[in-house]
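The structures come next, written out as structure tokens.
What follows is a pair of complexes built around chain A, which joins chain B in one and chain C in the other.
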Partner chain A sequence: MQKVAVLGAGLTKFSRRAKETGKELAFYAAKMALEEAGLEIDDIDAVVCVSAPDAFDGVHMKGEYLSDGCGASKKPFMRSYVGGGSGVFGIINGWYHIASGHFNTCLVVAEEKMSSSMPHPQGIFNAIYDQFLERPLGVNLLWIFSLEMQRYMSVHKIPLETIALVAVKNKKNGLDHPCAQEGIPGNYTVEEIVNSEIMCWPVTRLMVSPVTDGAAAIVLASYDFAKKFGKDVIWIEGVGWCLDTSYWTNRDLYYPRYVEYAARMAYEMAGIKDPKKEIHVVEPYDPFAYKELHHLEGLLLAEKGEAPKLLEKGFWDRDTENGIPSSPSGGLLGVGNPIAAAGLMKVIEIYWQLKGKAGKRQVKREVKRGLAQAWGDLMQVGTVVILGK
Partner chain B sequence: MKERVAIIGIGYTQLKPISPEVSFREMIYEAAVKAYNDAGIEPKDVDTFVAISEDYYEGTAIFDEYVPDQIGAVLKPVHTITQDAITALAACVMQIKTGIFKIAVLEGHSKASNIVYPSHIDAFALDPILVRPLGFNPIFLAGLEMQRFLIETGNTEYHTSLVVLKNKRNALKNPIAAYPGEISIDDVLSSNPVSLPLKELDISKKADGAFVIVLAKESIAKKLVDKPVYIEGIGWLQETPNIERRDFVNAIYLQGAANMAYREAGIKNPLEIDFAEIDDTFSYKELQHIEALGIARFGESGIMLEEGYFDFDGAIPINVSGGSLGCGNLHDANSLRGIVEAVLQLRNEAGERQIENAEIGLVASWRGIPTASGGVVILSNRE
Partner chain C sequence: MEFKGTPLKDRDIKEKKVFYVDWHVKAHYAWDCGIALSYFFEGLKNGKIYGRRCPKCKRVMVPPRMFCELCFHPTDKWILLKDTGRVNTFSVSYLNWDASRREKPQVPAVIEIDGASEGMGILHLIAHPEKIEWENLEEVLKYIKVGTKVKAVWKDEKEREGKITDIKYFIPIKEGK
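Up next is the complex of A and B:
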């Protein structure tokens, strides 16, 4: 297997109602990533694009539509798709392009333009449910999350105030992110989070990530190609993904076993025995406040039910000395959530943390290895990538 | 030499114009069970799964959700490729070549009969700002391209009609085909105009069906089955999504994809292949693709077709399965049907339509209007 290196990354400003088309957003991100890597588009052998439902942009065959914005004209182009987990899956897709020995370089672009769905993307989320059994109920994503959140809270007896702490932490971290969406990060108190409008009890407005447009891109290269860039290259050490059954009603929602399976696959590939000691910084997917804790447990970085307790102790804070900083970027709650682009944003944050380029967001403890994770479909898929120096 | 990847199992359903008696899940389940039996494995032996789907065709946002159960992939690495089967096959091949995965499964299906207004769906694939507001039916693009192709290459409507005749006749020998038939040139030429010179019978009709194939690396394939079919070369390419900037004469996407596949397979002259399954969503597309693949020189595909080169008993039989014109248009699963046909031919299991001594087969795909992307895969049974 070829070793795969990350050479550069690009990220657009996250915003709602971006004036740019999806193609333009993809172009900006791709251009930035190529500039950081010091490459031209002609140096790229293959292009991978990820984006969540076509219905957001209102474009059928969205991959085809975005391809020229991603720089894929007259190149092998592939769009992979695992719903909300697509962002992190993009780098996995790019990884196997290179690890297989087929290509030397690969550009991975993630784009999402959610605001074009009117009046609100939650309407589109109705179309992800089963046509016969669930869709007629008029359900959306908030509804399913409130079920999962209640189950998680009742099994481990977690108070709502503890879950709100995730939003407090991430929205504060997001203040230092130059790409953060206007009005999303901020200094909030637990009371403000808990007392914001109830969307679907117990989910409140400030525990939900916003509707965002944005794009992210990353340049991958083979060992031979990356050697030219010297010692300071960041490598992909492990990848993992896993899809659970579509019948979500038949599962116990308190624990994301699909995330655990995906994490175990990635740990095995990276040769990690004890993730709690060997992972130094983590970006778990946090579209909803409780999700970050849920995923930290799935990633085996905390025992079942232990993540909220560690949160209260500041174990996941950015300036922790002996904990594991979690979502130092601000995550989806603090930066914004253009679904696929948000997943790749998390990978890029790990890359910048390892490079020491995260600026004000740089974590205090020394980092040699970091993990990014995304999640999607009907609370069903886990995608995990481990980067290391 | 690097270890090759082999196809060790295939499963497929009957193709039908409509299929109200089964859901997409039941269709896929039938194909999956057949494929696993064919390969002599259980789903638990599979390391990674890839599925093909497009949300708008399925009528579901994030169709990836509904993939795992019916193929036995629950709690396994599964992902969707929203492209044609050859690109998705490349995803399987690359995963196996990383060395992490030993056995991979590829699933593709069509439930086109559920789509009430297919042209409305296709219109959503047009650029939403510059092109879609013009409000035309996307099939118009095929008529436009056909016109340009015929004028530039000197091929005629007689030749495109011959493609329809040949493929529908070939389909008579294919038990799974949905639209076989014996028709005349006049039938095609006098069929209803759609977007002239494109006529009703030049267009492949939609069909329902499901396909599943099992892949493994060479060393494992040899242990599991007697007749593995090897993937010698694979290529895929995007030309441009902008219809304004596209080459309406040559299939640039297929030229590029073919070059990539020929290089990997070590094929110097395209005439080394024994047969081909080539996209024929529209009759003229088969001729355009034959020229793009280098099987015929520019402008000569029509004459060669007329002389019988591409017939069942010709030098390079093309679409002996009946192609999309004879079997039905399955959207992105079209090329998976082609791959299954190639596997049957290379295993010497194609029954009445068996090509003698077939050793190398080629499958070429196009994603349909309004795209300009496609793929090529070269398969062989050579040890």
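Up next is the complex of A and C:
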């Protein structure tokens, strides 16, 4: 199996509505990633695109539509999609293109343009619910997440104020992200988060990530190709993914076991025995405030029910010296949530942190290895990647 | 590092300050309910909730299915369940399906149905036990907790159509009932 390197990353600004088309956003991110790697499109052997439901864009076969902007003309191309888990699934797909030994280089592009769906993409989202038993009840997308949050809080007796601390942390971290969506990051108090408009209780407005347009891209290469780039190369050390049953009302939502299975797969591949010691920075998926804590537990970086207590102690803060900085980028709550591009933005943050290129967001502690994770479909998929120096 | 992207404002579209192209789609589907759910819906029409048993792991499952997804084995038996259950989790929703706001909240919940295996829940709504509509969050929290016992309120027999909405909603009831 070929070892796989990350040679470059690109990102566009995130916004509620971008003037650029999806193709243009994809091109800007892809070109930036190629430039950092010092490569031309002719150096790329294969292209992977990840993007959320076609119905957002009203464009069927969205992958094919985006392919030109992804640099895929006349190249092997695949588009994959596992809902919110897609961004990290993209680098996983890119990884096995190269690990198979069939390709030397692969460009992975994540694009999302959620603004096209008018007036709000929420209605389109409802089609993820079961058409026989759930949609006739007049569902709203936030139902499932507020139900999961309530279950998690109730099993572990977690106060709402503690969950709100995730939004406080991530929105503050996002202030230092150059691509953050206008009005999303900020300095907030716990009271402001808790007392913001109730959407679906216990979820309040400031505990939800926004609707966003944006794109992200990375360039992957085989060991043979990357070794000429010197010693300062970032490697994919582990990948893992897992899908749980779609009978979500039959699962105990307090714990994402599928995230644990995905993490265990990645840890085993990376030779990691004690993730709490061997993961130095983490970007767990945070479309909702509780999700970051839920995922940190699924990733085995905290015991079940322990992530909120560690949060109160500052264990996940960006400037922690003994803890594990979590979402130093600002995450989806602080930067924005262009679904697939948000997941890849998290991967890119780990890449920049390992490269020492995160600027004001650079974590204090020394980092040799980091993890990014995404989550999605009907609250059922976990995707994990571990990068290391 | 230089990042590209040109943020627009809502009013840029509303006031037609930028070029855009509109498209409206009206899609219509009719989904066949299949083997398991057709039986289940027939049950609802008669005021009954049925689960389905897996002969291998012995789980009694609701929603019912013709195969157990864990054992990957055919299920073999219909089991009549009760129309009572417990709140596994609930939410207090101020949003409609299209993200527009509601003045008075709805309470969606996962309800574990009595007679099915532990943890077997379905999604449904919970109404106020007397006046159906909930006033606000505080009122809901007075009545509903995780673990609260609830009972189905059915549509009149003549109005039932063999749909999940044949159960109008669940209401909280006293323990032991």
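Here, the second predicted complex is superposed on the first by the 389 of 389 C-alpha atoms of A that agree within 3 Å, B and C clash if a C-alpha of one lies under 4 Å from a C-alpha of the other, contacts with A are read in each partner's own complex, and residues count from 1 in each chain.
Assume a contact is a pair of C-beta atoms (placed from the backbone, for glycine too) under 8 Å apart; a residue touches a chain by one contact, two chains touch by 3 or more.
All values derive from a computational prediction rather than experimental measurement.
Engineer: First (chain B), second (chain C), both or neither: which does A:Gln150 touch?
Structural biologist: Only chain C is touched by A:Gln150; chain B is not.
Engineer: Answer with first, second, both or neither: which of chain B and chain C does A:Lys368 touch in the superposed model?
Structural biologist: neither
Engineer: One more residue to check, A:His97. First (chain B), second (chain C), both or neither?
Structural biologist: First partner only, chain B.
Engineer: May I ask you to decide whether A:Gln131 touches chain B, chain C, both, or neither, giving the answer as first, second, both or neither?
Structural biologist: It touches chain B and chain C both.
Engineer: Examine A:Lys276 and indicate which partner it touches, taking first as chain B and second as chain C; both and neither are also allowed.
Structural biologist: The answer is neither, since A:Lys276 touches no partner chain.
Engineer: Looking at the overlay, does A:Thr245 come into contact with chain B only (first), chain C only (second), both, or neither?
Structural biologist: After superposing on A, A:Thr245 lies in contact with both chain B and chain C.
Engineer: Between chain B (first) and chain C (second), which, if any, makes contact with A:Gly58: first, second, both or neither?
Structural biologist: both
Engineer: Using the superposition on chain A described above, determine whether A:Ile198 touches chain B (first), chain C (second), both, or neither.
Structural biologist: Touch partner of A:Ile198: chain C, not chain B.
Engineer: Need the overlap of the two footprints on chain A, from chain B and from chain C, as residue ranges.
Structural biologist: In chain A, positions 58, 130-131, 245, 247 sit in both the chain B and chain C interfaces.
Engineer: Which stretch or stretches of chain A touch chain C in the complex?
Structural biologist: Interface residues on the chain A side: 11-20, 25, 28, 32, 58, 119-120, 122-123, 126, 130-134, 136-143, 146-148, 150-151, 154, 178-179, 181-182, 197-203, 213-214, 245, 247, 249-253, 357.
Engineer: State the interface residues of chain B toward chain A in the complex, per the touch definition above.
Structural biologist: On the chain B side, the touching residues are 2, 54-56, 59-62, 64-69, 73-83, 87, 90-91, 93-100, 121-122, 124-125, 127-129, 235-242, 252, 256-257, 260, 367, 371, 373.
Engineer: Where on chain C does chain A make contact in their complex?
Structural biologist: Spelled out, the residues of chain C in touch with chain A are 1, 3-10, 12-13, 18, 23, 25, 29, 31, 33, 37, 61, 63, 65, 69-70, 88-99, 105-106, 108-110, 119-125, 137, 146, 163-165.
Engineer: Can you list the chain A residues touching chain B in their complex?
Structural biologist: Spelled out, the residues of chain A in touch with chain B are 1-2, 21, 47, 52-55, 57-68, 72-83, 89, 93, 96-97, 99-102, 124-125, 127-128, 130-131, 240-247, 257-258, 261-262, 265, 269, 376-378, 380-381.
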